[in-house]
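Each of the next two complexes has subunit A plus one more chain, namely subunit B in the first and subunit C in the second.
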Partner chain A sequence: MSKTEEPAEDAEPEATEPVGAVDYDALEALLGDAVVRRESHLNAEAFVVRADRVQDALSTLKVEAGFDHLSNVSAQEYHDRFESIYHLKKYDDPTQEVSVVVPTPRDDPVSQSAEPVFRTADWHEREAYDLVGIDYDEHPDLRRILLPETWQGHPLGRDYNQDKPQIVEFEENVNPLADDHRESDTMLVNIGPHHPATHGVLHLETVLDGETVLDVEPDIGYLHRCEEQMAQSGTYRHQIMPYPDRWDYGSAGILNEWAYARVAEDLNDIEVPEYAQVVRTMSAELCRIAAHLLALGTFCLDIYGDFTAIFMYAMRDREVVQNILEELTGQRMMFNYLRLGGVVWDLPESREEFFEMVREFLAELPSRVDEYHDLITENELFQLRTVGTGVLDAETAKQYGVTGPVARASGIDYDLRRDDPYGYYEHLDWDVITDDGGDNYSRLLVRMREVEQSARIIQQCVDLLEEWPEDEREIQANVPRTLNPEPDAEVYRAVEGAKGELGIYIRSDGTDKPARFKIRSPCFSNLQALPEMARGEYVPDLVATLGSLDIILGEVDR
Partner chain B sequence: MATTPVSIAEWLGYATAPLWLQIVLAAVVSGVVVTVMLTTSALAGPWAKRKITAMFTDRIAINRNGPAGIFTIAADAVRLMSKELIIPDGADRPAFDIAPAVLPLSALLGFAVIPMGSGLQLADPEIGLVYVFAVSSIASVGMVVGGYASGNKYSLLGSMRSVAESIAYEIPLVITAASVVLLAGTLRLSDIVAAQQGTLVSLGPIAIPAWYGFLNPFALALFLVASLAEVGRNPFDIGEAPTEIVGGYITEYSSIYFVLFFLGEFLHIFLSAAVLTTLFLGGPAGPGPAWLGIVWFGVKIWAVFLFTQWCRAAVPRVRIDQMLEIGWKGLLVLSFANLVLTAIIVGVIA
Partner chain C sequence: MSSDHPRDDIIDTTAPQTKTREDRMSEVDSRFNSTLREAFGSTPFVLTKFDAFMDWVRGSSMFMLQFGIACCSIEMMHTYAVKHDLDRFGSGVPRASPRQADVMIVPGTIVSKFAPRMKRVYDQMPEPKFVVNMGSCSTSGGPFQQGYNVVKGAEEVIPVDIHIPGCPPRPEALVYGIAKLQERVKNGETSPVTVKPYELEQFGDLEKDELVEKLADDIDEETLVMRYNWADSP
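And then the complex of A and B:
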């Protein structure tokens, strides 16, 4: 912290360095006359595509070039145009990236929707419409998503008046299937926003036929806190880092911080010292364990009913992790531990005691996990409830851009820690857990096994840190006090958060604050797949499926 | 065995008590019994539930007011009674107001014929067992009426679930009880208790009593499972299922109406525990003098209560279709098999 006064040599911008093994010239030829020109983003080349050829371009990239993962859609307004950026990746190799930029004029911001090609574009484009004000032609259901239906204006647009208060009127929800009497009469039930099982403030407009779910429509935005806007008004160096803790607040703070650290370090070309990377890796995996234990506990809460044994056991063990994190960071939830270029401080004194604390936890963990398996996964009634319910097959999951444990439980072998390495993960010995079930049971099982893998990672980190020579414990790179990235530098980077791919897109305008800061929330994409999984199931399974998705509304709504 | 009012009348010197005296004595005794039942079961029940669940789940639970938080019972009572009674606009009155009283009433009526030991039994009709099942089924009416009258969709779903559950599990429950009737040869509860007083086998100094639970543990297990469903406890607590349908039929009930439902549920757990004790665990029988009967009886029904709390803490809830499947395809078949087997064995031996 104290030795960051002098400016570091982050001067040379990486303008057109080819990324990965993608042959962009071939792609450009493939796309043909849809491409207007090419741009270079720090993470990938971007093709600027005509607004009426979006579906052509995306489906060509998807079908013929294998870019099957629409990771994110970032929208923004320039002084002369609107722009939607589709960040594409491959599930097989996320280092292969390409972006599709779709500019539209300010007076007529109509762009072709990508929804027919990627189902996940549905919500992403609704968000772009809601916050930025781009109209998507051929979109099946272009409504506001985060803000109330009756909201006036688009808050991230340039001529939006932020000081003008708005009065919002609400209307009673109508049953979308009320006139549909094919089978029998239907009933609309509003599950949430105040409901014991919505894991926050989520509203599910559910249409029931008896107990069977005919249709469910997640209504989000109750916890929208303008996180992107807030990040855009903070400086890179210090003011943004506390916010990520508040996205996925289910103990996953450091994982979120890492998402920002990674993208900002790439943007400003900051090298993180190896020692700091090990500390980051260890603390992030501790967070992952805490987050997965919370997921396990609340999922079981949905299946079991009251605050039962398994929930309290999970809380008990999570408490140990929280104590360790508190020792390390001084905080139990809102850690604010990472800094650009490293971490805020070294391990607590005395180091031996801290290592002892971690080792004790790691030694206890296997017996705890066995206890969980005894109580949950080996329980016949539990299997009766979870096996074969809420099934999400791999193809549908990819359509919805599902990532994280949910994707891995559907047999998608996708983990950014291994596939797009960062931190110290590539030097450590651990496995990516997958399961082919695709049901609620698989998702729980994957999380439980990931806890064990995280413990393996932490074990190795502790060994490394213990051996680390005292004079080489560099926790922080040299980072200038003020960061002014190149004007018009654009970058999209993601890390493996607790819930999946947590990405951030930043466009710089040369000042010390981002011009656009877009968060790609894994929960947002995962939640979008809920209707696919819940249709035709019973109400209890809808609730269980929602629990198994492990959404944190703070991250969905941002 | 004479019922309590009759014994008191005899003790007062009446060979056959006049009607007015019988009514007065019945009223007094039932008043005492109801008060005792309410205070020990329905009030201590929630307190015990909290402490027991806490023990299962690694917590301490209430410990601020009095030793082990025992005075929280009083605080709870005051709190619940002083809360605002909210009646939704869409409620169908007076059905909404009547429903909460039905649950505790049906449970209390059931207790009238239970031999509680120490000579405590209000009435002892010949058809005691049938009577218990009949009055305790009235509870379903309260749930349906309450759920429907609330004008809430969760309440409606909850009451539908409860009725489906009651119907599905009432039959195995009664059929299993019938196998006990075959063994005892009577429906009178005091006679059923009396029939279990012998010794089944003697293992040295330990004499295993001839409780029907020991004689036919299979029937006991069936009855226990069906009872769990009848009172709506895990794994069959789908009528309330807070994480799914918020609170089921009690979603819209607040204040004293909620207390009545709550009380009714606890009384029903204790009633089903009492029936189970009477049919399978020898009623108030136990070592020591006969006047200790009420203590043994209490111990037994609290043991059953403890079991329900254990299930609540550790067993997942099944889905409505799975519950019906277990009831109609599993328990019903098993209970009939049990009945037929018992009939054959009783026929061969007797």
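And then the complex of A and C:
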């Protein structure tokens, strides 16, 4: 197939040595003639692959080289071509990365779909089609995913006119008893987009046979608020940082900010002082506790069906965390606390009082967790509802690129804090929690145990900070006022957010704003696995499963 | 009754209620008028007392719609929960169904795909109904105002009684906003008429321009659509 426009053969000799432990020359040999040339991205080498050989290349990398995690698909439009980038990793060792770049010409942007190799590519490619306008051959269901079906144009493409009028349909529910369906027993039920069990604005098209879920299809995009466009129109130094707070807004703000901080620091070669790393680690783990408590509260809200004790208790404990974070950052939710090269300011005065506050919270926490165990996990009714429902096995989870507590509850030992260390985590003593159940119960259990581990981390950070000599409390590296990274530098980096691997891909064009800013959201991938978990279950279990996935729609839709 | 036409029944019962809008667009706001009021006949003294009584009742017991959209809804949950406990002010019972709710708090960013649904939820609430905008997103689009997909404020779609600034507003601010709303309701005050460019319309009724022509094959004439003129919005 000669559809592919091969960018000129300036096969620049690879000056940079292979990153990490991956032997890229061997990989290139393995891929054979599918590879057109090689590029160097800051995080990994990238192979430019012909648009009609995508499946070959990816399945070779997956099966023979062990790259079993399709972390992200970034799509973008250059002045002369479209490009899809498949970011691959290994679940066993996420520092081993490789990217597959697929260029296609602008007048005929068709490339082969990766869906047969990685199920997770399904949604990623739909998103690329929706926002950038690349067509994927052999894709099972290439429709818009975030924007309404009737949308005109592809907003992240180069010649999109934002002022054009648009028409959006308001579809009545599809008639579940349409004539030709009356013979069968199935029924279509729309759950959402406004429904208390959807945790926001999510629409589930559910096909039922009696009480059993035959099929469910998540319909997302009801909170697609153009986060990528916003980031692309902000400057690196200050204007982007506020937005990550609003991706996963379940109080996970600092974890998200760290994703941006990490990628931008890599791109601009910024060293973060150690003291700032400790402060970051502490505040990020506080956020994780708040986020997990929210997950716990709302999950129980789904199971028990009312604003009862557990929800209120979780909120009560979140208030405490929010107070601490407010002391530290000045805001209850939208912290905007990290800066490139450090954090915005030091711990509040007086430090003793602040540490006292944190210590008090940590001292209380074990009894709180016991209380939750009494109320939830040891409750027989709760066990009946959650044990053995919504089961996700490890293999399927990997197919869908599932990460975070959901993956760890399916026995996948994958945590970027340990496996791809950043911040101060490697110097601290804590454990990655996994569980083999793969069901709703395990997912809750993993979150509850992670709260304890986060508390351990915070404890150690507080001890460190307390001892830190006063004249070495450097909170920010020296960072220039405007940052202009090298033109055409590309980097993909991820951190362990509250819901899993939160990654960002940035391509710079030499200006002070990113040319492409793509967010890899863990919830997006996790939600994609919902049908696998819910098929054959009862409706209430579907609701429980959705609750246990702990999705935040702001992050799913971005 | 044959099951050939089950949709008709559904449509009958979910027909949009536009009374609030019409009342607000006209001179006098008769939102508070009830059939009970008519039953009293025309004794001015009793009527005045009765009106005052009804306003007091409405303001003192407000049922909120359990309606989460974006980040602000997390703070809204905190407002309902233990520490801030909106219930103390007689307005803290979130109702899952719009048909049981009086007040809709709009806590988050409204995007093109969601706006028609939100309008429908609003239309399903019984009269009299009130809307509280929580946060800058539902006021103006907030941090996302420049987005290609973001509706520049809930007021473009439904009429709004109270705006609460903040991103997100603190729970205290939300409590204050709701207390203000209660005050207004108790006093029988009405809010200003708002201009709403985005309406649910039947596709067939739209002006036949290029875009409509283009979509003509995809969309049924009867289907309700919302048309966004991004260039005109603030």
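The rule is short, and it goes like this: the second predicted complex is superposed on the first by the 527 of 558 C-alpha atoms of A that agree within 3 Å, B and C clash if a C-alpha of one lies under 4 Å from a C-alpha of the other, contacts with A are read in each partner's own complex, and residues count from 1 in each chain.
Everything below uses one rule, namely that a residue touches a chain if its C-beta (ideal position, glycine included) is under 8 Å from a C-beta of that chain, and two chains touch if they have at least 3 such contacts.
Bear in mind that the values here come from a model prediction, so they are computed numbers and not experimental data.
Asker: State whether A:L328 touches subunit B only (first), subunit C only (second), both chains, or neither.
Answerer: A:L328: touches no partner chain.
Asker: Looking at A:D541 after the superposition, I want to know if it touches subunit B, subunit C, both of them or none. Which is it: first, second, both, neither?
Answerer: first
Asker: Spot which of subunit B and subunit C makes contact with more residues of subunit A, would you?
Answerer: Touched residues of subunit A are more numerous for C.
Asker: Could you say whether A:Y249 touches subunit B, subunit C, both of them, or neither, answering first, second, both or neither?
Answerer: It touches subunit C, and subunit B stays clear.
Asker: By the touch definition at the top of the document, which applies to A:R316: first (subunit B), second (subunit C), both, or neither?
Answerer: Touch status of A:R316: both partners.
Asker: With the two structures laid over each other on chain A, which partner does A:P196 touch: subunit B (first), subunit C (second), both, or neither?
Answerer: In the superposition, A:P196 contacts both subunit B and subunit C.
Asker: Is A:M241 touching anything from subunit B or subunit C once the two structures are fitted on A? First, second, both or neither.
Answerer: In the superposed model, A:M241 contacts neither subunit B nor subunit C.
Asker: With both complexes overlaid on chain A, does A:P155 touch subunit B (first), subunit C (second), both or neither?
Answerer: So A:P155 only meets subunit C here.
Asker: Thinking of the overlay built on chain A, is A:M230 touched by subunit B (first), by subunit C (second), by both, or by neither?
Answerer: In the superposition, A:M230 contacts subunit C only.
Asker: Indicate the residue numbers of subunit A shared between its subunit B interface and its subunit C interface, in ascending order.
Answerer: 196, 307, 311-312, 316
Asker: Could you please specify the touching residues of subunit C with respect to subunit A in the complex?
Answerer: Interface residues on subunit C, with respect to subunit A: 3-4, 6-7, 10-11, 66-71, 73-75, 77-78, 80-83, 94, 96, 98, 108-109, 111-118, 120-121, 137, 143-144, 146-150, 167-168, 170, 200, 203, 206, 211-212, 214-215, 218-219, 223-231.
Asker: How about subunit B: which of its residues touch subunit A in the complex?
Answerer: Touch residues, subunit B against subunit A: 53, 56-59, 153-154, 157, 234-235, 237-238, 241-246, 312-322.
Asker: Which positions of subunit A touch subunit B when the two form their complex?
Answerer: Interface residues on the subunit A side: 187, 189, 195-197, 208, 211, 300-313, 316, 375, 379, 381-382, 384-385, 538-541, 543.
Asker: Which subunit A residues qualify as touching subunit C in the complex?
Answerer: On the subunit A side, the touching residues are 147-152, 155, 160, 162-173, 175, 177, 179, 182, 193-194, 196, 199-201, 221-227, 229-230, 233, 242-243, 246, 249-251, 294, 307, 311-312, 315-316, 318-319, 322, 332-334, 553-554.
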